[in-house]
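Each structure below is given as structure tokens.
Look for chain A in each of the two complexes below; its partner is chain B in the first and chain C in the second.
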Partner chain A sequence: MANKLLEIKNLKVYFMQDGMELKAVDDISYYVNEGETLGIVGESGCGKSVSSMAILRLLDSPPAKYAGGEILFEGKDMLKISNDEMRKVRGNEISVIFQEPMTSLNPIKTVGAQIAEAMILHQGLSKKEAKTEVISLLKLVRIPNAERIVDEYPFTLSGGMCQRCMIALALACKPKLLIADEPTTALDVTIQAQVLQLMNELKSSINASIIFITHDLGVIAEMADRVLVMYAGKVVEVANVVDIFEQAKHPYTIGLIRSRPDLETDTGRLEVISGNVPDLNSKPSGCPFHPRCEKAGPRCGKEFPPEKVFSEGQIVACWLYSEGGVGNE
Partner chain B sequence: MRGFIIRRILQIIPVFFGILLLLFILMELSPGQPLSDLQDPRITAAHRERMLARFNLDLPVRQRFFNWIADAVRGDFGESITHRRPVSELITTALPATLTLSISAMLVSMLIGIPLGILSAVYKGKGIDTVFTIFAFIGISMPIFFFGVLLILIFSVNLGLTPVMGYGSPPPFGRNETLMQIWADRAWHLILPVSALGLSGAASYMRYTRASMLEVIHSDYIRTARAKGLKESRIIFRHAMRNALIPIITIMGLQLPGLFSGSAITEAVFGLPGLGGLLLQAVGGRNYPIIIGMMTIIAIVTLASALIAEILYAVADPRIKYD
Partner chain C sequence: MNDGMVKNNIILKANKNENYFAVVRRQFMKNKLAVGAFCVLGFIILLCIFVPIFSPYSMQIYFAENRLIPPSPQHWLGTDVIGRDLFTRLFVGGRISLGIGLLVTFINTLVGFTLGSLSGFYGKWVDAIIMRLSEMISSLPFMFTAIVIVALFGNSIPTLIATFAALTWPGITRIIRGQILMLREAEYMKACEALGINHFKRITRHLLPNLLPFIIVYATLNIASVILMEAALSFLGMGVSPPTPTWGNLIEPARQMVNLMNRAWLFIPPGIMIFLTVMCFNIVGDGLRDAVDPKSRGR
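After this line comes the complex of A and B, so read on.
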């Protein structure tokens, strides 16, 4: 049994808006093992980014509110440690790769200086030592002419190059956990493939755990060991990557997989999940997916189903698999 | 960069002559004229003809325009109709008071406004932000002639701490005093006008800085800086502030020309012998030589500040390069 590097228990993150509590992340639990890549999928606004930004307390608070639960990283609760302790974790033990590489780098500082900053801070390197390190990091992420790029400003680089710099920045202090928040969404498809390939290659050499957030199932298939499916602030299914694609159990997961285009069988129109993602301020009661679910019964609108554990760690939260069923006659 | 500056200056020259031409045309089109019998009913038509001829104001506007340029190139900016003294002399006499007032006021407004704007943005929604925002609101809403008189009432009349008006104590002060004492006396006289002008300027700098800083604070790269584990102070001063101050350069470039003309009201309230008073008087009396002389200076300063702002942009922002 592998060691759990990160364990999230009953995390609740709410946003306060006009005096209302929007439950962006509503009582979720999951863990990441050492050396494992956990993929988190879900539609926009399902809470996948919020739940991972909460790990480093990077959400602006207010409006965000950590309403409950624990985030245990190597046994320490990240929601309880002081700001000073938190800063020692950020960029050092846990680092983040953000979605928009072009805007995530400071436009008026050279990329080298921005990467070096983390090393100088956490590893106590001198400016000169840090620069040498930065150059070798840039080479590691396959940036050509690293010696020249180190002194370039972000606006002179392409999106793909900026994202490589962001990866270099994230790897600068050899973190134990890497949070990749849709790192390829803003890139075009060929660059996306290159960056994914790079990350896959680095995965083995850096020996870090990765939380890979995306709404692209194809990316998940390529990157993840285990997959967590989120819907409207809830975890609806967790399974190994193979099981997700071959024997998904939750109607939402099944719907997601069906709605992917298939290159081999030309079936004409893509299948869709009818309806829309619920707005956070008018979230359905019970299982939030029930208004869009073909198999929903009366019980689904009343309570959120308990987790049902299948073999090999496949966990599903759906009344279909729980005692009593969906409540049909 | 040097090539850019030279090219820019070459571009400025035709713009400058355009402004000058427009100025002559607008003055010709505007109603009223110097030595009108509205100003002095006793004036006779023959007398006015003679005076206009003496100042060459009877010539057609086209000719006056070229004459003025020809004279100006030789350093002759004409003679004031009412003062009977050269325009250049009148302007250089009034310049020191205006420059001292406006440069000190500009420094005061930047030194107060920018830090308060940054603090206000960092503590957005907290008590300190509310206090500063109210201060800025009052500063922007209160007209300077009211604020100035209020200051005089409080500090000069009620408390008796500062002089009511003037650019220095009247003679015999100054005959036996050292230069240091004269400057100290001048500073004492300028405290109120500089505060009045500087604080209202600070209010607008504060609002611009706050808005710019708020935008930067919520940008992605500030989140990246935070995710690196940097201290909040380093994030604000090293990452956010420099980005936030780039747009402030524009405000500075726009305010600079105002320094030469915009403090007219303050000068009037505090009885300072500056350019503002000279200009207002000249416009009222259609004193064409002075109006043209002053407008020339303002035009040159405006064009120069635009150039300075452009150069500062390139210094502050690596994304801007001129070649």
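After this line comes the complex of A and C, so read on.
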């Protein structure tokens, strides 16, 4: 069994708003193995980004509050280390690829200077050394004319190019873990395919683990080894990517997969999960999905179901599979 | 790999090792009107520096027998009511007017930068105090307040500079505060943090350089408005007092009917200088604004 690079135990991240605690991430646990890609899926506002930004303590606090749990990266608890230690981890051992490539680069610095900055900071390279490194890195992420682009400003580049530069920036210090927060949502589909392919190739060449956050199940199928399905701050199902698509257990996951358009069969209208993601300040009691769930029973509104472990590491949190079931009407 | 093409190839192709300011300069050079205005300004400034040095006349010495000579080969712009050479006085006045404009702008930009940064970064009560103060100051009617202050403390040049600076800092303070509030929430500031760059470097190397263009543009436009304020105050006799000339008190003779009707040479040249200078500063300011803002390029 592969080693666990990152392990999150019972993490709770709350936001304080008007004296109320909004439970954005509510008691979740997961792990990432070395060299593995973990996909995190869920609708907007279900805590995908918050849970991953918490790994690097990138949430502004206040209003965010790390209310409990542990984030173990190579055995160190990221919630307990000092700010100085944290800075050494950021960009160096764990790096982030953000959603908006065009705005995630500083408009008044050349892309080369920005990538070099991280290398100079973490690896102690000189400016000259860094520049040669940057050029080879840009070539690695398939930027044509890397020698010229290194002196370009971000606003002169297209979205796809910027995202490649962001990937180069994230890879600058050869991190062990890459957090990709919806890296392809701002790109069009052809560029998206190129970027995904690139990430897959790079991943195998530098042997990093990736946490891939998205709401696009197609992307998940392409990228992930294992998939974590989140709903309203809770993990509802974890499974291998094949199992997610072929034998999903949780009604929410099943609903998500059904609501995908299918090219082969002509089914007319798409199926949808009725209702919306609940507001964080009026979260339903018990299983947060129960008001939208077709199979919900009286027990679902009372308490959150325990995790039920199926074979091959498929874990589902739903009363359907736990002893006693959903309860009787 | 079509996205490999660099966008806006024609409009914006950064050359090798060209820094941001070189790009801005190149953009600015494309705006012919602004470049023209910049040259005119340069010429005016050179005249202000050199004419008083090389002029055979002094701005002070006067000859009663030479009073009110219209423009002539000896006195290019004529002489005033007590016989002083107006060509010399025009450019000595320019030194004072431009000097006040520059100095006031320097002071209020510095003050605005400090207070605006404090306000933007600190927030909370610091922000509340600075913003309420700036609202109070900007709600005062400018002319009236300036006249009262000058009446209380006398109309020396230092008093005038202090008055103008005290009354104009809220503008730049708010601009800087607003920019900081916006920039510190920018994605790339978060990205910097995610790269492990420390707080100090994030501010000095990534945030402040983004602020600089706004400050430069503001300062350029502000010089023009200070020159106008000084001219207005001096015209009313509440600004710099004679014998020290400024463009404002040089047009003061136009308040008398006899001068307005018959002696155009007294007030037309300084009037033109004020008009030209203010207009050129405004055009240059606009040109700079277009040059520093990537979004307005290529239009």
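Before moving on, here are some points about what is shown:
Everything that follows uses one rule, which is that the second predicted complex is superposed on the first by the 328 of 329 C-alpha atoms of A that agree within 3 Å, B and C clash if a C-alpha of one lies under 4 Å from a C-alpha of the other, contacts with A are read in each partner's own complex, and residues count from 1 in each chain.
The definition used in the following text is that contacts are C-beta pairs under 8 Å (C-beta built on N, C-alpha and C of every residue); 3 or more make two chains touch, one makes a residue touch a chain.
Computed from a predicted structure; not experimentally measured.
On the superposed chain A, the positions of chain B and chain C overlap enough to count as a clash. Look at A:M78: by the touch rule set out above, it reaches neither chain B nor chain C. Of the two partner chains, neither chain B nor chain C is touched by A:I315.
By the touch criterion defined above, A:S95 reaches both chain B and chain C.
In the superposed model, A:I143 lies in contact with chain C only, and not with chain B. Contacts of A:A118 after superposition on the shared chain: both chain B and chain C are touched. Here chain B and chain C are compared by how many residues of chain A each touches, and C touches more.
Contact with both chain B and chain C is seen for A:I108 once the two complexes are overlaid on the shared chain. After superposing the two complexes on chain A, the stretch of chain C that clashes with chain B is 133-141, out of 7-15, 43-51, 61-69 or 133-141.
Comparing which residues of chain A touch chain B with which touch chain C, the overlap comprises 56, 58, 87-92, 95-96, 98, 100, 103-109, 117-118, 121-122, 153, 155, 166, 169. Residues of chain C touching chain A in their complex: 1, 3-8, 12-18, 20, 23, 186-188, 190-198, 205-206, 209-210, 294. Against chain A, in their complex, chain B makes its touches with residues 218-221, 223-231, 239, 242-243, 246, 316-319.
Across the interface of their complex, chain B is touched by residues 56, 58, 60, 87-92, 95-96, 98, 100, 103-109, 114, 117-118, 121-122, 153, 155, 166, 169 of chain A.
Residues of chain A that touch chain C in their complex: 56, 58, 86-92, 95-96, 98, 100, 103-110, 117-118, 121-122, 142-145, 148-149, 151-153, 155-161, 166, 169, 191, 194.
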